[in-house]
Each structure stands twice: as structure tokens, then as C-alpha cells.
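Labels A, B and C are assigned to the chains in the order they are written; within every chain, residues are numbered from 1.
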């Protein structure tokens, strides 16, 4: 009878799926691929501060719109004889610079606002959400166009506008994270114990939502890159001699029939950068919040 | 493991056309990857017979029934054979298209959770009419609607016209379960599978839903495969009992025999647990249990 | 339900009003519009005259009210840069942009609905990976970049389609379609790839629901159950994404119109920004923002129509 109780073919019952953490078991390829791409772009930008194959202002009149390899130009030259590889490298600088400033602005304004929206009474929270709804109707590009009209088209006005336009997505993400934290048992206990809200925000909320903020930074960074590319394509970011991928696209499109490579290079650069930051963000999300991933 | 031989059950009011068992399960094993979940399960449910399955949580009751109903999730692999009377191929190997002709016509299922078993965005009458139309061909809409209301009346809904036009979220749990039963019985299947049909319901509603299942299967002449945790419930509804434990059937026989003379320790444990709960229930004032 | 819709409508109207104030403050109150119009080396006298013409001497509230009051009957004012009335231009060009956006959304839906549903129903893992990859690509390639690449391939290399410009549909329907194929594709394919991933995950969610099992227990095949029962419920989360995407496409059209030289509201906006035409920018931006808010309002209303659980109260 006792032998029958434990049939030899029966292994222990599997654990319920929810309790096993998927990210703990598998490596995170998104984070890896995204991280490698981001690291590559950052490295390129850093190197370009000290060294580029050719100066970006050099116009090599012997090699106008030449194919890759000609005259020592690795990726060829553009219509004015400028070295494409060098422009791509310095373009990475512009992209990263605009992204850092824009995301910095958004995170610095959006995070406290989001925590506030998650901690105040529901009526106020609702009011703040209505404001972010309106704010969301001004996406990065539109905001940048307004700023270009009022303050003139420049990189500064572009990245400020992109940053301000990215605030509401931070507010939303941080708010929902804050609400989750505020309802956790230990925070409820702290509130019952009479801890004041600023203390709770600093001690409990901020550390717990830091992961969300980092993920949002990565996502917003990708959006900032897209907006910057569009703006410089429209000629509304830096001047015509500031190397940027969007500007290269615009100048390349004029001669697209003769030399499609001139739009391919900057196109690939933009796509790769956005892809890198998005994958990185997705990977981070898997890591910080396994419940949200798995699709 | 000798296959379950059905002794004479209770008299069946509507004799089914064949005397073959409604379901014949042989050596059913189900596994998720390399993990076995159900192992070598064999049993019959005779025509019009009522078989209960009890067992601890996670013992494989639901999986066994889903295998019979042709509703196993695709990530699980099943071996053995499941034959449903009136359905040509083996349920385990039949294609989804073939299974669709069986489900709802030969088998009906009542699930545990009435709150989620109905489509939230579709009115009740359409969900019932759909069950009839899938197997009965198309009738004029008004006729179908009348039939749907008639079925609702049969399952004890006092205001069938209003309920028929309602969305699921507008019904109580008991009403929803009645609707699910109405859908399961819409085509008078040979086998009704009930997976803990009353567990999610209020105690006061449980008894009436049980009576309903009892009465309706009798009226339709359907066989019944009935899962429950609750021994008292099984005893009141079923003739035969299977006890499952860790994916196998550890005890079987007529309900009274198993309950009065349990041989397997696990069955004894279940009985002891139930005894405790029965006693606490009877300790409550006003409870009719002696 | 009606109260819900009225409430949403009120929220929309108030939001539109607030947005218009924000746009007005940014473009009329901040800085000096007269100097923007005349340039940096205008004489003080010319500036003063310009301020008078622009009505900048009036109280700010009066300026705002006269601007918004004019817009209420289609008068967006007259540009101080081009001396042309702004309203008629917005109307004419908005029509072009709406064609562009509508076509782009249709392409996105035609791509995403079947692709996402099939990916949910087919071999889950592989289809999931492929779709994730496609949608990552979709996010990484902005519509204007897709447009340039499509021009390179289909207009320049293959020569099948025109590389730009616009034909009025009423005069030449075939020419209109020919000219719109590439812009539609560049706006729609990218969004379609992104949308497909949401469709797949929404359908997968519904496939795990009990009611779908009930539908199969009735005698439906999995496919039929998903199509008859699942898609309607899956459309609820997809709708949110669709609303957001419509706004993305509208904004994306601003640049795409540049790429394909289409005289829509987007190229009007970019031209006006380049001309520092504040009043025109103000009118165009308000138009775009109000359309975005209206799309959100419509999406919210559509929920209530699809999901009976939201109809109460």
C-alpha cells in the first residue's frame, strides 16, 4: 500500500508558473544586443572627439561624391567631397548630445511630477493626468517646431523642446509605479506609523521606481533620436555645417538617383541607434519587471 | 488496472440510442514536456451513467476532463485513447476541425468559474443561439431566439426574456452558471462534463444549481462526468466514484462503497477532511445536517 | 453611457481650450512677434507700427479672445509675412493630409490585423520572434526614412512609381493613387509592423480567456472562436494603440509630406516655421493638437461602444 502511494514515475508536481521568475532562468539577449549597439555608438562618438579619418569641414574637391574606398575615404564622400565616415562619427556626437539633454530635462521634471501624481489624493492625481493628456498632444516634433518659431532653429531649442515634450510619458510611468509602491504593505505600515510623505517618497518610492525611470529614459532616448533626425532633416536643428544624420539624409536625398548610398549610410545609423536604445530599454524592462515582459 | 466496469446505475429515463459507453478512456497519460501530469488513467462512463471524480488540488481531474472534451491546451501532449460514443476518431488524435463537430453536440462542458466563462461583449441569447446553430443548422432568428429563451426557462431562470437580452456582467454568479449549463445542454449531449460547477457559487445557490444539473441530465438522458472537491456533493449526484491522486486513479467503485469502505489512504484522508468540514457545518446553528 | 460620452466630450472641449491657451501663450506672448516678423535690424518705429498692426497693444486676454473667436468661424487671421489669409490654406491642406493619414492607417491595419492574428494562432514562439523583430524594425525606421528608402527602391531604381508631388483625386483618381502609394506605404508599413505586435499579444490574451474555451466547447474550432469571439474583445486594447498611432502618423506626415513634396498641412507648418510666421504656426499647431485630442476622445467613446461593461453609469 505504501509503495502505491509514491508511484516511481511521478516526479514532484511542477511549481505554479507565476512563482518562477523567467528572467532569472534565461539570459537576457535583448539587453545584450541593445547594450552592444549603444556602447558602439557611444564609443564612436567619444573617439570622434579626438580622431576622425578626415576633418568634417574638409571638402576634398578631387573626390566629389566618390564611392567607398576612393582617395582613402572609407565610406566615400558626399556631394561636396566631405568624408562620410567622419560625418557619421561626429553625427553620433550630435545624436547622443541631443538625447542626453532632452532625456535629462524630461526625467528631472517628469519623475518628481509623477511621484507627486502617485501620492496626492485621487482627485488631484486625476487632475494631473488630465494635464499630461493635454501635454501628450504636443509630441516632440510639434513642440520643436513651435520652439524653432519662437526661439529660432538651433540644437538648443530642439533638445529643450524634445525634452519638454517627453515629460508626460515619464509622469505616467512614474505615477503608476508610485501607486503600486504606495499600496505595498511596508509603505502602508510606514504611513500608519506616521511617516511623512516626503520621507516615504525618498526612502521607499524613489528606490523602487528607479528601474522604471531608467527604462523610460532608454525609451525616451530612442524617441529623442527620431525627433532630432526629423528636425535636422527639415533643416531646423543645427546649421548646414553641423554634422548630423538627419542633415546627411536631406543632402543625400537630393542626389538619390546618382548615389543611393548617401541616404543609406545615415539611414542605417539612425535605425541602428533607435534599435539599440529600444532593445536596451526592453531588456532593462525584462530585468526590472519580469511580470511586464514574457511576450 | 482493470477497466471500470459499470454496475447497474440508476434507471435512465430517456434511453440513449446505443448501449455503448458514452466515453471510454484507456491508458490516458498527459505530460507537459518531460513532466507527467496524468498517468495511465482508464475508465468508462456508461450511457446515462453518472461518474464523479474527486481528488486533491492538482491531482489531474481537470486535465482528464479536458482531454475527454477535446480541449487540452496545445502545449500538453496526451497518449492513450479517448473514445466518445457517436464520434468516429479518437479524441486525442482527431483534428481541431473534427473535434469541433463533437464538442457541443456529443459533449457539453460546465466550467468552474462562471464569471469568466461567458463572452463579456456578447448578449446571452446570442451565446446560446450560437451553440444551437453550430450543430443544428440555421433556423429563422426569431425561432432561435424563442428556443434560447425556452432553454433559459428550463434552467430555472424566471425572467428569460430580460436575461436573454442581457450581457454577462449584468447577471449574478448563479444566473451565469445557469446560462453556461444552458449552453452545455443546448444540443442534449450524450455526455455532460462538469468541472467543479458549484465551487465558485454562493452556498445558497450551490444546492439549486446541483438540482438543476441532476434534473437536466436526467431529462436529456445525458451521462455525467462530475468533478468536485466536495464529497457530499458527489455523493448526492453520482453513482460511481473515481479517486485521483497525483495524476493516477487510486480508487474506484460505486459511491456508497467508496465512501463507506475506503481502501486507499488518500481517500481516507479526503474523507477525514470532509468529515471535519461536515461536522463544523453541522455545528452551526440552523444547519439541517445531523 | 450617454453621461459617459457627455463627460468625455466636456473633457475634450476643456482640453482643447487649455491647449489653445498654451499655444497662444507660446507663440504670441513669449518673445516679440513683431521682431520675429520684421527681423533683428528693424527700426524701433517700424517695430511699433508692426505691433499696432498685429494688435499687440491690446490686453492679452483681448488678443486671445479675438483670435479664438475668429477661429470659431474659420478666420485664422492673415499672415503678417505672406499677407495671405491663413484659414483657407489650412482647410485646403488639411484635406490633403487627412487623405495621407487615412491611407496610412488603412495600410497599417491591413498589415497588422491579419499578421498579428495569424502570429497568435500559428506556432507561437517563432511567429512571436518574427513579429517582435519586424516591429522593432518598424520602431527603428521612422516614416520619413522609410519614405526615402522606398523612393530609392521603387521610384529611382525600379521607376515604377513617382517619387513625389500630389495630384488632386477629383481630377485624376488614378494619378492620385499612383502618387499616394509610396507615402501611404511609408506611413503605414512602419506603423503596421508595430501594431501587429500589439494585435498578437491582445489576441493571445483573449486566447487564454475562459470564454474562448466555452466557445470551443460549444463546437467552434480555435480559429473560428478567435475570429468570432476573440477579435472583438482583443480590439479593446488594440484601439488604444490605434489612437496613439493615428496621432503618430499625423505628426509623421509633417515630415513625410516634405519627403514626397505633398502640399499638406505638414509642409505648410514647416514652411511657416522657416518663414518665422508665428500666426500661421499658431493656427496650424492648434489645428493639429485639437485633431489629436479629438482622436483620443473618439477612441474613448469607441470603448464604450465595444465593451458593454463600460456602458453603465
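Basically, a contact is a pair of C-beta atoms (placed from the backbone, for glycine too) under 8 Å apart; a residue touches a chain by one contact, two chains touch by 3 or more.
Owing to the predicted nature of the structure, the values given are computational and were not obtained by experimental measurement.
Engineer: Of the other chains, whose C-alpha centre is the longest way from the centre of chain A?
Structural biologist: Farthest chain from chain A, going by C-alpha centroids: B.
Engineer: May I ask which two chains are joined by the most contacting C-beta pairs?
Structural biologist: Pair with the most C-beta pairs in contact: A-C.
Engineer: Measuring from the mean C-alpha position of chain A to the mean C-alpha position of chain C, what distance in angstrom results?
Structural biologist: Inter-chain centre distance comes to 22 Å.
Engineer: How far is the middle of chain A from the middle of chain B, if each middle is the mean of its Cα atoms, in Å?
Structural biologist: Each chain reduced to its C-alpha mean, chain A and chain B end up 53 Å apart.
Engineer: For the complex, give me every residue of chain C touching chain A.
Structural biologist: Result: residues 11, 15, 18-19, 22-23, 26-27, 30-31, 36, 128, 136-137, 139-142, 144-145, 148-149, 151-152, 156-157, 201, 204, 247-248, 251, 254-255, 258-259, 269-270, 272-274, 276-278, 281, 285, 288-289, 292-293, 296 of chain C touch chain A.
Engineer: Taking the complex as given, what residues does chain C use to touch chain B?
Structural biologist: Listed in rising order, the residues are 209-211, 213-224, 228-229, 232-233, 306-309.
Engineer: Chain C touches which residues of chain B in the complex?
Structural biologist: 69, 71, 96-97, 99-105, 107-109, 111, 113, 116-122, 130-131, 134-135, 167, 169, 180, 183-184, 186
Engineer: How about chain A: which of its residues touch chain C in the complex?
Structural biologist: On the chain A side, the touching residues are 130, 133-134, 137-139, 141-142, 145-146, 148-151, 153, 222, 226, 229-230, 233-236, 249, 252-253, 256-257, 260, 263-264, 267, 270-272, 274-275, 278-279, 295.
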